[in-house]
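Letters are used for the chains, namely A, B and C, taken in the order the chains are written, and counting of residues starts over at 1 for each.
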Amino acid sequence: MDTKVALDTIWTMVTAMLVFFMNLGFACVESGFARQKNCVNILSKNFIVFAVSSVAFWFLGWGLMFGDGNGWLGMKGLFMLHGADNSPATGDAYQGVYGAIAWATVPFLAKFFFQLVFAGTAATIVSGAVAERIKYLSFIVFSFVLVGIIYPVTGHWIWGGGWLAKMGMWDFAGSTVVHSVGGWAALAGILVLGPRFGKYNENGGVNPIPGHNLSLATIGCFVLWLGWFGFNPGSTMAAAVNDISRIAITTNSAAAAAILSATITSWVILGKPDIGMTLNGCLAGLVAITAPCAYVSVESSLIIGLIAGVLVVLAVTFFDKIKIDDPVGALSVHLVNGVFGTLAVGLFAQDLFMPNTTGNGLFFGGGTKLLMAQLTGVVAVAAYVFIIALAAWLVIKAVMGVRVSLAEELEGLDIGEHGNTAYPEFTIRKQSYTFVGHTAGAGGRD
Amino acid sequence: MDTKVALDTIWTMVTAMLVFFMNLGFACVESGFARQKNCVNILSKNFIVFAVSSVAFWFLGWGLMFGDGNGWLGMKGLFMLHGADNSPATGDAYQGVYGAIAWATVPFLAKFFFQLVFAGTAATIVSGAVAERIKYLSFIVFSFVLVGIIYPVTGHWIWGGGWLAKMGMWDFAGSTVVHSVGGWAALAGILVLGPRFGKYNENGGVNPIPGHNLSLATIGCFVLWLGWFGFNPGSTMAAAVNDISRIAITTNSAAAAAILSATITSWVILGKPDIGMTLNGCLAGLVAITAPCAYVSVESSLIIGLIAGVLVVLAVTFFDKIKIDDPVGALSVHLVNGVFGTLAVGLFAQDLFMPNTTGNGLFFGGGTKLLMAQLTGVVAVAAYVFIIALAAWLVIKAVMGVRVSLAEELEGLDIGEHGNTAYPEFTIRKQSYTFVGHTAGAGGRD
Amino acid sequence: MDTKVALDTIWTMVTAMLVFFMNLGFACVESGFARQKNCVNILSKNFIVFAVSSVAFWFLGWGLMFGDGNGWLGMKGLFMLHGADNSPATGDAYQGVYGAIAWATVPFLAKFFFQLVFAGTAATIVSGAVAERIKYLSFIVFSFVLVGIIYPVTGHWIWGGGWLAKMGMWDFAGSTVVHSVGGWAALAGILVLGPRFGKYNENGGVNPIPGHNLSLATIGCFVLWLGWFGFNPGSTMAAAVNDISRIAITTNSAAAAAILSATITSWVILGKPDIGMTLNGCLAGLVAITAPCAYVSVESSLIIGLIAGVLVVLAVTFFDKIKIDDPVGALSVHLVNGVFGTLAVGLFAQDLFMPNTTGNGLFFGGGTKLLMAQLTGVVAVAAYVFIIALAAWLVIKAVMGVRVSLAEELEGLDIGEHGNTAYPEFTIRKQSYTFVGHTAGAGGRD
């Protein structure tokens, strides 16, 4: 037995399981922040999406992302993991067609497992943004396209040895590769779908739609916080003791700082410490630290978190002002802070933590070179993902429709799409639509 | 420090913890799929059952299962783990009375921990099937008997070096040892108990009884899915890097395929993608892949999952037709797919994955030899467990009764058995009993 | 790569994550055992408290606890982890100012991560005891003081090489360091706050206030039980294979025995097996075994658990008799059993399990020396923590108040403190206050 391979494999497998568990986190956050009449639908979406992702990433996604090819696409070993590969051999000993991830000293299917749970995360991000009005089947089809085709292409650019990697862009655990990709795909979906009935009126009024179960939402955020200890420290795919310890602390520190700054910001702006803001603040900090977690100091991680927590509160308000209806705050969390976190690498990175990777960022004497590479990555990914995702949504709309009927939306998607209700024995209050002139709530509550 | 022992122990301990966590999964699935008036009772059953299992397996179960003895029973070191054992010594260096598990390179109490969480799983399977009408104390007594006496005997046959093991039956992680054993014991319990009041009427009509909290049920299924990454990959009880990676992927692939096939099947048969079927589809795929997970290819695991997902939907309908009242679909998941998964070893096994174990199954040129051994195991375990469990249920019935009074059943077991209500501040709707001519729902909903 | 460092770091990181996850457990237990009108407030407290703890322990707590200093306080490297440290070097090779924890063969930030999640636990214990009437901001301020100043001082005495450690007091995983410290701080808070409105009347009557969601409370207990497999076996901070295996089993056995004895005790005393008692019994057993887990046999752990389960039921009744209003039973679990568990080391310890540590306890021929050391520790910690915490609570009360207005308490803290409601679509029953002459319920229900 090769000891290093065993150590690295244990670490990779356990952290992959934690990332898998984030599916539960997203299911709870998204259903908790939405109305009970759509609860079964959201749970169903979040449950089936990892099944869809598993098939899509196995069938094509893995090959497109990690297959040897050019700067734009993987070209070899595309389908069903059938390329040659002698992992865990590395370096000169490696013989296979997935060279971009041949640095990881773990068996082939451990690599696939770890990358699969990341791919699945991108799809769950979309789920919350399009909630409460999307057709079940249309979401399933889009998820297959996202994980099978859209996600792996930009993934190839950055993690698959593609042109952005060669240009010097760094995204350690996926602020861009996972989170902002999910965010752009979600934005395209929101634009194609339009806002939920009763969310905005003609006078610019916003109707706060509170989440039906904040216990559920809080459970979800704790599970996601736990899962991120897999997401970030696990992205070493190796038992690199100093790195995984440091990354766990930068990850946690950013989350802690963002929780505090989002809570304070909502306290100041909204008058009270809204729990939705506290919870989304946590996720914002975690998304923002995802790209820089390995490259920055604990102090920098606290600053990144502080900024992320403020950003998410402002973003929630902003998206409501421009009538982008995102029921759970997914854009504010994953898109805005995915972009911010990617740029934060260019600002806060220090060469000493991972020598010969990022070099120093702007605040540590490295000039703007790294920042520009990060910015290029952000813009390129935005353009590609948004356009392709928009096209996919429009094709789906033309072929099978994307939005349920108004009658179904009013009654709730649980009955319409599934024939179930989430809490059939509980008495539910009739819903009212009260428009107010300003945003009164928070992520999941406005 | 012996590195291999340390690696294997870390892996065994972490995966055992994941399997322990499945107790939460079962608690959520079973209570979510049942009515709120019985929620406290189900939660109590699922909580105390692992305490009961811990004592029963420590007191006697371990010794019966792994003690040196004959083909039928362990005979040495029976009580309270008091047999000699110098683990983690293995092979010729091993000196002790638990020789059947001396292959595992981990300390004695790590072996006990891992096997204990498996034994506990068998008892939780029964819990759901007998829900909503069983006396609390009677369930506790049966669980003690199951884990202390029934489970370890068939466990000895297959994992304890007994006659089925010698005959060439293979059950890697327990489709039979754990799941169908729990299933047969549950079936015996259902037959002794009879259906819940109002479930069936004389004209063959079935009254769908929906679960009270599908958020809870969904949380439970995610937790079980996570736990299975301990159940199957952990059953190596060693950091065998290629095996644990492959088993994680076959496990996940079967779950994914079964989710999709159960959802499609329910969409076709019931008209809508019932969430209960989606969730039970997942569990069905996981149960079915449990025996073959180490011996089959990823492609085979997808096929096994596809079949399991269809089977579970048909089985739910079937059990209702013959008036076997299983509130959560435990038989359809654990019994039917436990049997199917065990037979699937005989069909899909390939010698190349674990040389010198199963050999090839029928579909890979191995003929029917392996399949016949598997079938023999299925039949023998069925006969033994069903008969002994039935006897145990009947003795309990005679001594202390098994079913609560009709008045208590109507009011709910929470008040009658525990003096609690699960949600005392929420307004609950009055229940109605509407009989329909055909099965209208799904696992947990019909 | 140093293999031992890698093994120890993986174990330490994974178990730290499990302990982190206990934050979810506490959030669920505490909110489930309280009323729905205060649910958002409790969830918010339990969510933000780990953020507060993370900042407080990073800023000062770590340095006070583990910095080199005298028997009373750490004096070096106090702030922001800025002391010198060349971990994972140990023994003579260690060069740094955190000598008391230099025995652990893991990187510096892994030590910090593991100790941080423990410090956070102490703060969450307070949260439940002061629930349903404390101001949000006052709780946040107290938590900062507790984790930054109070907890690390007694932690230094016992785990930081201070005077109690030198005197021969042993607390393996923190029955005193974590649990009774949290308990004493909670007791001080309860005394400053007073009981909830309507809990007691002038005639000595007690009004049972049932928890609003026992599904939530049960989820929480399962998560805590899982987390304790990190808490106790992880406290080796090393992949010490025999120790971690044994500790996992003593931990689980104590929990199992306490579940059974608490259930039986409540059955006998209250007439029915109250689920609140079953759940708190589990936690009581886990708290009690936390100090002795490494030093006692499996048989002793069962006895310790049996006693803990009885103690917790009696304590719940006792605290109600003296009108100490603890909504979730935190004192009965963490304070009473934290004390008991610490003393249990003096009774049940056996030198053979960890040679050259505790020596034998009273029941194993060691005389009263160890027991006296344990008792001294219990008394000293009680005096210090209770007095300092009381002072802190009184200062906070004078400066900003600690208790919400009666109007807010009646309406619920969710609206008053946060402007949210946990379940806005569900119909809630009007609350009634019925005083009974005796304690009718259990932890979380009385």
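Just so we're on the same page, a residue touches a chain if its C-beta (ideal position, glycine included) is under 8 Å from a C-beta of that chain, and two chains touch if they have at least 3 such contacts.
Quick caveat, the model's predicted, so the values are computed rather than measured.
Viewed as a contact network, the protein chains are fully connected, with every chain touching every other. Residue numbering shows that chain A and chain B use the same positions for less than half of their mutual interface. The mean-CA centres of chain A and chain B are about 34 angstrom from one another, to the nearest whole unit. Multi-chain contact residues of chain C (touching two or more other chains): 3, 7, 10, 14, 213, 219, 423, 426-427. Across the complex, chain B is touched by residues 1, 3, 5-7, 9-10, 13-14, 16-17, 20-21, 23-24, 27-28, 31, 39-40, 43-44, 46-48, 50-52, 54-55, 58, 80-81, 88, 106-110, 112-113, 116, 136, 213, 216, 219, 417-427 of chain A. Chain contact summary for the complex, chain A toward chain C: residues 3-4, 7, 10-11, 14, 18, 35-36, 210-215, 218-219, 221-223, 225-226, 229, 233, 239, 241-242, 244-246, 248-249, 252-253, 255-257, 259-260, 263, 270-276, 278-279, 282, 298-299, 302, 423, 426-429, 431, 445.
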